[in-house]
Each structure stands twice: as C-alpha cells, then as structure tokens.
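Before anything else, here's the structure in question.
Should a chain be cited, it is by its letter among A, B and C, assigned in written order, with residues numbered from 1 in that chain.
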Amino acid sequence: MLELAILIILTIAAALSYWDRRFSLALSLLAIFAASVILPLAPLLTLVAFLGIIFLLVIKNNQIAGVDYVMVAFMLVVTVLAFVVKDLALLLTLFVAASVPTYLLVMIGDKLNIDIGIKYVTFMVLATILFIIGAALTYYGYEERSPLYIAGFLILLTGLCLEVGIAPVHEWVPDVFASADPVPVSIIASLAKFVPFVVAYKIFLVTANPLTAQLLFVVAIVSAISMFVGNIAALTSYEPSRILAYSTVANMGYILAAFSAIMSKELIYFALAGVLLQLFVNSFGKIGFFASIKGGGTSSLYSWILGVSFIGIPPLMGFWSKFFIIYALVFSNYVWLAIILILNSAISVPYYVRLSRILGTGWRRNIANTTALISAAAMLITVIPPTWFVDLVTMARW
Amino acid sequence: MNVLIELAIFIPLIVTFLLPALREKAATALSTTSFLIPMVLSLYSLLKLQSYNVSLFDFGPPIGEFYILVDPVSNAFGFTICLVSAMVAAYSLPYMRHRFVEMLHHKEIENSEKEFKKYWFLYNFYAVSMLLLVYSGNFLLLYIFLEISLLTSFLLIYLYGYGNRQWVGILYFVWTHIAGVLALLGFLILAFESQTLAIKDLRAVSFVAWLLIFLGMIVKLPGLGAHMWLPWAHAEAPTPVSALLSPIMVGLAGYILFRVYMIDSSFVLDFKNLILAYGIATSIYAGLSVLKQTDYKRLLAYSTVSQMGYMLIALCLGAAGLAGLIVQYMSHAFGKSILFMTAGAIIATFNLRDIKKMGGMHEHIPTIANAALIGFMTLSGILTIGMFGEFLILAGVAKVYGFDLSVVLAVVVVFIISGFYSFYTMKVIYYGRPAKYEKPKFSRLLDAPLYVIAFFSVIFIFPPLATALINGLDFALGGELVKIIKEVLGGVRP
Amino acid sequence: MIEVLAILFLAPIFSSIPIAIAWGIEPRPRWAEKLSYLSVFGLFLSLLASLYLLIYLGELSPEAKPIKYTIEWIPALNINFVFIFDYLSRIMGVLTALIAFLIGVYGLEYMRNDYRLGWYWFFFNLFTASMLLTVYSDNMLLLFIGWEGLGLASWGLIGHWFRDDDELSYVGNVGRKIWKLNMFWTPSFAGWRAISTIRIGDMPMFFAIAAFFVLTGTLNISEIDWHGLEGKVGTVGIVILITAFSMGLFAKSAQLPFSDWLMTAMTGPTTVSALLHSATMVAAGTYIFMRLSWYIEPWKFHGHGYEYVYILVLFLGLASALYGALVAAGCLERKVLLAASTMSSLGLMFASTATCYWVGKIGILVGFWYLVTHAFAKATLFLVAGHLIHETHDRFCVGDFEVAKHLKLAFIATVAATLSLSGIPPLTAYWVKSGMDGVMHALEHELGYLPLVLLILTSMVYSGFLAKFLSLNFIKGKHVHIHPHGGKLMEISYTAMFLMLFLLLAIYITSYEKPFKEFHHEGFLPSSIAVGILVLAAYIFALYKPQIKSKVGEFLGDRMYLPFLNDLIVAKFGWVLSTLSDYGNRFIDFMCHKAVPKLFEIYSNGTRMIQSGNINTYIKIAVAFVFIVVLIAAGW
C-alpha cells in the first residue's frame, strides 16, 4: 500500500511541477523519505537519491525542472521495490522502469544534449532487449538444464554488461560520462546501477542449477576483463570525468566478480554485502567526484577521502566492500580472481590519487560542494565495522 | 599491578586530533610527551613481564574478538616505536621548519603554519597506528592499522617529500598496498578455516594462508627483488618520516611473521632452507648495494633492506632465532632512526645529500658525526643491543644448522658486510679531508634526540634491561629459549 | 669486591666523559684542556684497583685455584658477568693498567696541542676499560663486549687525526705507487682498514662463542668441559669451532694473513701505537689464546681436534713471526718498523703458547712472560719514537749522534730496551727466550727441528732490526735538525717504562717460583747461550751496518706486497660484487619504472583507442560480443 501511495504522490508532484518546481521538490523528498521505511537497506538508498536530487538543484535553466526530481524519486522507489519483488514479469518491468528515466535525464544540463542522449538510448535499448530475452530463455530452460539455459544466461549477462557498462561492451560509458552534464551522469553512475544487479541476481538465484557453477566461470572472466580494461585505461586519462568513466567500468567489474561467489550458501550474504556495499561506494564516490567537478573543485580533505575510499583503505567504505568481495571469492575457490582484484586495486592507486589531487583545489560554498561533503561523510559510516551492513543485507526480503 | 598500558597507547591517538589546534612548538611538545607516556609504561610492563589481554568487542565468527594484546613481545616493539616516535617528533620541529621554508621558496606550499597543522596530524596518526598495530590482538585489526599507517605515511611523502615525490609516493603506495592486501587475503583464509582472527584463539594456519601472508610480508619487509620501492620511498620521504618508515615500519612485517609463526610454524619449518637462503641473499645483495650509493638517505635505505634480511634469516632459526628477530628489530630501529636523523641534520644544515660532496663532516658537525657512529655501531652490533641480535641469530644457526659450513659462513659474511659498509660510510662522510663548508649553528633538537636513542641502544646490553628483555622473550616463546641450555645441562641448573 | 670492579672498569670511562662532552659542545675549548688530567686520574684509579686484585686475592701462582666473582646478567640463560682472577688475569690486568697509566701521563704532554682531545681521551680510556674487561672476564659474551670495545677504540684512535691533513700522520711514502696501488695510507683509511680486517676475524669468533653456548649451556671458559666437547662434536667439530674462535684472535693480533692493518694503524698518535698496537690490545689475541689453553688443558687428554688446531697456531705464529721480523728489517719508518716487530713478537707468543699441547702449562707461561717483557720494551721504544717524531718532525728513521746527545734519556732507553728485548744474555728477554728455545726444542719428537730453526732465525733477524732502529735513529742516521719541545713528562714516562724491564730482570733472576726456575735451567744450558751469542752477533752487525740497500730490502719494506691482498684483491673483488648488485638494482628499477609503466601506457592507450565517438563502431562491437556469447553457448 505504501508503495502505491508513494507512486500517487509522485504523479501529483510531476503534475504540480508545471506550476512550481518547489512543490515537486518537496513532494519528491517526501516520497523518498517515505520509501526509506520499506526495507532495512532503504535509508542508504534514500541517501543516494537525496544526494541526486540535491545535486540536480545545481543545474540552472533546467529544461525539465521539476520532473527530474520526480524521476529520481521514482527510480528510488523502483530500486527499493526491486529488492522486495519476486515475480519475474514484475522484476523485468522494474528493470525497464529504472532504466527509462535515465534516457531523459542524460540529456538535461545547462544546455540540452540530444546527441549524447541518442547514443545512450541506443545502448540502453539494446541492453534491455538482450536482458529481457536472456531472462526469458533462462526461465524457460533452467529446469531441463538445456542449451537454452546456457544461451539465456549468457545473453542476460551481455544485457547486464551493456546496461551497467562492463567491458568489453563499455564503449558508451566514457563518451557519455565525458560529454554529458556531470549532474545526470552522477545519477546514471549511482542510483541506476542497483536495479540491474539486483534483478540479475534474483534471476540467477531462482534459476540456479548445477550448470550455473560452470557459467559463473564466464562471469569471473568477464569481470576480470572489465577490471583490467577500466583500470588500465584510466591510468593515462587526465580528464576527471573520463577517469571516472573508466573507474565505473572497473568498479562494475569488481561487483560482477562478487557474482562468481553467489553459488555458495554460506557466503551468499557476504557476496551480496560486497555487491551492495561496492554499489554504494561507487554511488557516493561518483556523486562526490562529479559534484566536485561541477562545483569547480572541493576541499582536498573530501577529495582525498573519496579517492582513498575507492582505493580501499580501512576503515573507509571502499575497504569493506572489497573486503567482503575478496572474502567471498577466496572461500568460493576463486583465489585467482581475488588476486586479480588486489592487483587491480593497486593499479588503480595512481589515477585515484591524481583525481583527488586535481579536484582537491579548495572548498567553495555552493550546493555542489555540499553534495561532495555529504558523499565524503557517507564514506566514513563504516568506521563502525560494517557487520551491521551484513545484517541489513540479511534482513532484506530477498 | 596493571599499569594501564592498554589505555596509555590511546593517548597519542587522542592527541592526534588535538594537534592541529596548536601552534608548532606546543604541538611538538605535546606530540613528544604523548609518546613518552606509553614508552615509560611499556618499558615498565616489559620489566614486570606482564602478559594479559583486554577485550574490546567480539564480532563472533569468522572475525572473532578484537582485543588489546599485552605481552613482552608487544611491549618490546611498543617501547621501540614509542621511543623512536617521541624522539623523531621532537626532531621534526627544526627539520620541518627547514623543509617548509624550502617549499615556500619553491612556491610548493602557501603557508607553513597551515602545513604544520597537517603535518602534525598525519605524523602522529602515522606513528600511533603502528603503535596500536603491535598491541592488536586480532589480525583484522592489525591489518586495519597497517593500512592506516600506509596511508598516512603515503600522504606525508606525497605532500612533503623530495624529488619526484608524487611519483615516489604512488610507487610506495602501490607496492605496500599489494603487500597489505595479500596479507589480508591470507588472514581471510585463516578466518574461514578457524572461524576467528583473534590471535589467542588461532591454532593452525594452512599452507595457502601462510603463503599469502608470507608473500605480502616479503614485499613489505622487503625481500630481494621486491625491494625496489624501498630505496625510493625511504630516500625521498621527508627525513622525520624516513626515520619512522625505515626503522619502525618495514620491520613490522617481521612482527607479523613472528605472530603467525607462533600460531603455526609449519610453513617456515618446511621451507626453512629456502627462506634462509633468500634472507641471506637479500642481506648480502643489499649490503653490497650500499657501497655503491651516492645519496646518504638512499644508502641508508639499502642498509635497511640488508638488515631486514636478518629478520628472514632469524625466522628460520628456532627459538633463539625468533628472540633474535625481535632484538634485531629493536636494534635496527634504534640504529637506523639515529642514522636517518643524522642524514636529515646534514640536509637541514647544509642542504646536502650527495655523499661525494661530503667528507670530513666531523669537522663541522661533531655531535652529528658521533651520533652516526653510535648508529652504525648499533647496525653492526658493536657494544650495543645489536650485539645481542647477532648473538641470538648465531646461536640459532649453531642450534639449527650445527656445523653446516655453508650456512655458518654465509651468515658470518652477512654480518661482516654490515660492519664493512657501516664504517666505510663513516669514513666517506665524516672523516677524511673536510669539505669546505661553514660551521653551522643548529637547533639542539637536531642532535639531542639522537643521543637519547643511543643511550637506550647501549644500556640494553646491561642489566636490568637486558635481563628483562631476554626473560620476556623467553616467556613469550613459552620457555623455548631457556630450553636450549636446559637440554645440554640435563635439567640441572648451575 | 663490586666496588673494586666498579672502579676498575668505570673510573676510566666516567673520568673521560667530561672532556668528551666539553669537546662535543665547543671545538677546542681552552678551559677544558685541564680535564685531561681527570682522565689520567681515572686511569690511575683503575691501576690501584688492579693492584688490589693482584695483591689481596690470595696466593699468586700458576697452580692456584682461580677466584671467580659473579654478577647476574641474564641468569635464565646462564649468562652472567663472571670475572675470573687467576694467575694470568691478575698479572695481565696490572700490566694493562700500569702501561695505560704511564702512557696516559706521556699523552698529557704529547697530545697537549691536539685538536681533538675529547675524542682522544674518551677512546683512550674506553680502550683501557675494555681491555681490562677482556682480561678479567670469564664469560665469553662479556669478554666479547670488551673485545668489541677494543676494536672500536682501536678504530677511533687510528683515525684520530681524521682530517688527513698532516703527512706526519700518514704511513708509507706519500705519492709512491706500485702498479695500481698507492703505497701510502691516511688515518681515516687506516681506521677503516683496521676495523674491517678485525671484523673478518670477529664474526667467526662470535659464531664460535654462540656455538659454545648452544653446545655446552655455559659461556664461562673455565667451566666448559673442553674434553667432553670433543666427544660431542667430534674432531672436525672441534677444528671448526676452535679455528673459528681463533680467527678473531689472529685478526686482533695481526697474524698472517690479517697483519697489514697493524702496519697502517701507525697513523694514530704514537701513544696509541704504544698502548694499543704493541703493548696491550694486539696482545689481547694471544692473551685470550693463553687463557683458553689454560682451561682447555690439552696436554691432559691429547684430543685429535685440538692437536690440529695447536699445530696450525704454532706454525702460523712462527710464520708470522718470521714475516714480521723480515718486514721490520726492511722497513725505514720508525713506527711501522716497530709495528712489524710487534707482529713478529705476537707470532712468537702464539707459537710458544701453542707448544703447551705437547709440553704442558710451561708453554703458556713462557708465552705469557714474553708478552709481559715485550709489552714494556716495545712501549718504551714506541714512546721514544714518538718523542723523536716530535723533535725531528720526521717519521722515518733519521738522526745521528747529535740526537743521542740532545735526548740522552731517549738514547739510554732505546739501548736498554733493544738490548733487553733481543734476548742477549743475561738481559731480561734472554731468560724468556731461553724458555722458548726449550719448549720448541721439546717438540723435536713430534714436529722435528723446524719450529726451533724458525725461532732462532726470527730471533736473529729480530735482534738485527732492533739494532738497526737504534743505529739509524741515534748513531748512523742522516743528520737532522732538532726542534726542542721540552718533553719532561714524556721522558719520565718512558724512563719508568724501561726501568720496569730491569725490575722484571730482577724477578726473573731472583725468583725460584714456576716458571722462573725453568727459565734459569734453560738459560744456563750451553745451547741457549749459543743462541744468545748468535743474537748478539746479529745485533752488533746491524749496529755497524744498519742499512743495506737492495731489491730484497725494498721488497721486505713493501711488506712483501701483502697490502695488495687488502687493498687490491679483496677490495676489487668486493667492488666487482657491489657493481654487479648495482646493475641488478638498475635492472629492477628499469623494469619497474620504465618497462612495465610503458607497457601499461601502451595498453591503456590501446584500450582508449576504441573510444572513437562513432556509435556505429560501438554497436558493431556490442553485436560482435553478443555473437561470441551465443557461439559460446552453442559450443557448450
């Protein structure tokens, strides 16, 4: 019921935004806070959405001012629902629903950017089609363990890769990140990444059979490729948004790596905690960094916290997420993948340091910098060792 | 009596967050004091042979209990860290003043007062993280402090180092990060197998876990081949940081190996010969490299690599060797911190690092030259605690390898080379025809702290400190040390 | 007892700390020069303490049971400060303290205008304390502390004039070069040479000490079951252990092939040469060998392992003795000549001590009393040499009868010391040398006549170069201009020193205790008298013809090119190795900083090249990927 109420609120907000965007802002905020009670994990997601909405305020001459907040709030609701829903058709609907708002968002900015929109939408459509076909085939074939299942699994994987930007089909990511406005990109890089993973995970889990373990090997290889491509490509990039694009490719690789461990019953929650925490790290980090870009630099303290968290130094969030992932990998006999992950986190050091240095030019009082500040602060919540996070993951209604 | 060492080690941590609020002189005094308190207490605790645990909180499996581990070994390491940190803190004031003036001149910083605040925060945080590391009773906690110390030291290099400091900083970061995470991987496997990472509850370490921890520590220590990052990092760091990096930090790898060994020695025992050969090769190779260096700090850095080879050697030599490892850590820490501070004093007074431009420096800075002498004496084990380190290692060789001449000769050659390069460096830098410089005036803080460390280095060979140290090590090794002679004396004590 | 020990060891050190600190605070503080007297006073206290130990600790005889005193150090490991007071240590202690004190007095004048008095007195007194510690300690680890102190003090004092700015402090002919080797040495270089050579010996010795500990559970020389040890480790084990231990002794006592450091050690102030590098420190090696033999008592059980080692020591000692004597014969530098002669004497001490394996304790006693005699005689000669260098400003042997007239006491001291030391009947060393002839002769059955022949040969050359020293400096040398300096304190000091030789002579002649009665017995044998006459003949010959210029002489003067071993062969070998390691480092640096990063850069650029911005390409890649995936699925 609550979900329905929130959706109604959002519809009203969208309608009112034609009159005054402030109404829509207030109602969107109301909606995301309301959504935070649905699920133990939801408050953190709400924080991501909140940061996205705050950050949207930075854009002057917003072409769709008002509707954008609603879209972010809508994405949040969809994301939260994705955790709860079990039905395949509904899951796929949510997958599409989470994706569509970004088609519009990607084009907004201080001036409208249609070109990039086309490029992005092309890829997303392709991704969505493959994802849905893959899901259907998987469902159809998993009981007989037929080749259809294998094909379905792999096509689903391809769709996922395209959707979130995993190498070798990551080509849209650097282009979009570099040429779109930092504000929508930060939302694409953060909030939009949750649903594909959650939905894919649920499908994998429901359709799991002895073949899956072998197929996960493909997942492991793809994730390794993605880590290497992202990190190595970022090494020689000097433009912050491009670095962040490749960093996203690498981060998605880390997350996909954790998928290799989902077959093991004892470790499932560590793997999931790793996946989700890494998604949060990626979200806060990307929002923080893009906010710094938009705000023309931020305090060096914040930029260093963000960079160091990405590198994975305890007790920051980035350490714990990698910790959980490595943990899950080691105990599901993917030690080689864990070592590749370690190597990659080492390779990534130079460009995160570079990023922190480029963006740490000094604090300015504006909305963008406030967003960066909150993001950096969010990285610190794991100063309390996040066994609580694992508990939250366990409590989610999977 | 419980001396509350477990509380005292948090004093520097609290002080860390107060320091940015203070002016530079007050900050120096406070930072020094904050390390002196746990230093005194850890020494007292060592003398009293105290050994107990203070529980912090329990995570349950697979991480286990976080607790503070107080025993003679952590007290010995803790004392060393506190002593060196306190002295280097005092030394930092004149040195960093010089450095900031230089950086202001090159327009690399804007305001030295602001930089001092950052410096003190990072310095204290760095030093205290290492202190807390040796008192950590859980490998995960230990790893966390390892990474904090890595990060803070990296920032210190990155912000205030010399030369191509940003590149050097990243080089350092990447290598030690790999080392740290490899060890983490080992710890994780350990956690999975034993369902705990609390040192007191662990009973066995599987091969893969040992291997990963060992490899990580080899990079960190560093062993031959993995050593390339060290000379860069230790040479280009601002000197007070070098004086912590080299004497204290790399040796902590030895500490971790020691702790793991005490849980399960199978790995080392199985590959004893290999590890020993590797340690000897590291030590000889790096020792020979020392003779080729023309940069004073780089020279010292190579000598560190050579001395860390001792640690690997000591690891393979049974109870005597393990005791030797700890004594070796202390002696190296004392000696090398003195030496890095002498290098820094020359930089601060003459802006000079190139050995070729030195010579007869005793003429201009006799107090520094004499301190360097004691530093090198400590490294080569003459009249200082280093002598015990060498004695215990040699006793270990005799015990484990008997009259295996190749091993005996190799270890003896290792020790000879240390003496060679020590006194060779003394001759090249401090003696011979004096280079033409003005005799400088410099702050007493540039030489007095060196003598404090030197004092401890010397008195540690005499009772009561020597007695307490050896008794403590024997206690920590479960009486294995005394067993060596009990065996030959047939249980009858004269 | 503990008070006496505290005074003995600590008085010298603490009394020298004020001057050391004064010099650390200020360069050449005028006000602090008087503190030198305090340092010498410390030496004096130490002398009193050693005299106490000599006189008040019961009967002084080779057969007396040793008295031991223990202070806890590391009782858990049975390692304690164990001091032993026996025949050897009580006499050696007084000898050390006395000579140190006398030379300390000499140094007050000799070093008066030095630029580095703080350093000088600190290391001089540190040396004395270390030497006394070495002498009195029974525990080998404690002994090793003293031992390292000796090495350090020796290094510090050899390189005392670290500025290398005064050619008067060099050794060798400045500018001379043989092939690629400079045949002259500066103080700072000589210091390094000394300590690095000594370290080559010390480390094997340290290993042996550690091994004794592990094998026997104790480090007290007098408590180790030496006989049982051979049963435990076998013949080879004993040979390895004792040889390793003796490496330290050989290096410290400048035996072949370690000898060359002692020659260049003459760059130090003359007081240092006199005290450390002739009378006491270098003798520490032989002293420890005596002490070891004293408690091993190899003559009682005739272990095979010990036999090999004692044969080695015997012949090494004799070879070094002959080498040293020949080098001294070819040498023209005052102090280097004396250094070579010291080495020769040390060789004789080792050799005669080593005979104890066959002849018993008397071998040790002969060696020991030769040590005592040599110490006073050689110290006298060095002190005279120092005075001469002061007066003539020349470190080579120069001076005609003018010098003798000006420096009457120096002349008399030299005559007395040379005559006493060469073994001319009936002067001091004759009696000991006769004892030595006797023990060498006793080896006839086991080792033939070779030891005796070597000994007599050495004695003759020895006496010859002593006469040469006298002749070239006071009688037949080049005429030289003299710069009178006063020198009263110096004269008092060496006069006292050579008078000690006559005191010794009195003891030798009048005493009927062991070993003197053996000396009498040997001294009155015709064969000994015959050797004495041969030695006298060599002395007289050399007095009249002090210098024979020849290629052979030059070869001997260049120490038979032994410096090539230290400065060229070993040094080049080390240089090659360290160059190799340097190349290794460069290779690693190249790999890590050039090659691998370049590779990363290439790959990085390659990956980023895909980013053409052309959507068609992207779609093609995506489709290709999909097809590959489908193919994989089909192939499954």
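Assume a residue touches a chain if its C-beta (ideal position, glycine included) is under 8 Å from a C-beta of that chain, and two chains touch if they have at least 3 such contacts.
Keep in mind the model is a prediction, meaning the values are calculated, not measured.
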Going by CA means, which chain is nearest the middle of everything shown? B
Can you identify which chains form the pair with the largest number of contacting C-beta pairs? B-C
If you average the CA atoms of subunit A and of subunit C, how many Å lie between those two points? 76
How big is the gap, in whole Å, between where the Cα atoms of subunit A centre and where those of subunit B centre? 42
Note: subunit C sits from subunit B at a C-alpha centroid distance in Å of 35
Flagged in subunit B as touching 2+ other chains are none
Contacts with 2+ other chains: residues of subunit A: 347
Touch list for subunit B against partner subunit A, complex: 59, 63, 143-144, 147-148, 150-151, 155, 158, 166, 169-170, 173-175, 177-178, 181-182, 184-185, 188-189, 191-192, 208
In the complex formed with subunit A, which residues of subunit C make contact? 600-601, 603-605, 607-608, 610-611, 613, 615, 617-619, 621-622, 625-626, 629-630, 632-634, 636
Within the complex, which stretch of subunit A touches subunit B? 304, 308, 311-315, 319, 323, 326-327, 330-331, 335, 338-339, 342-343, 345-347, 349-350, 353, 357, 385, 387
Could you please specify the touching residues of subunit C with respect to subunit B in the complex? 23-24, 27, 71-78, 141, 144-145, 148-149, 151-152, 155, 159, 162-165, 186-189, 191-192, 195-196, 199-200, 203-204, 206-207, 209-211, 213-218, 223, 233, 236-237, 240-241, 244, 574-575, 577-582, 584-585, 588-589, 592-593
For the complex, give me every residue of subunit B touching subunit C. 171, 225, 227-229, 231, 285-286, 288-292, 320, 360, 362-363, 366-367, 370, 377, 380-383, 387, 390-391, 394-395, 397-399, 403, 405, 408, 411-412, 415-416, 419-420, 423-424, 426-427, 430-434, 439, 461-463, 466-467, 470-471, 474, 481-482, 484-489, 493-494
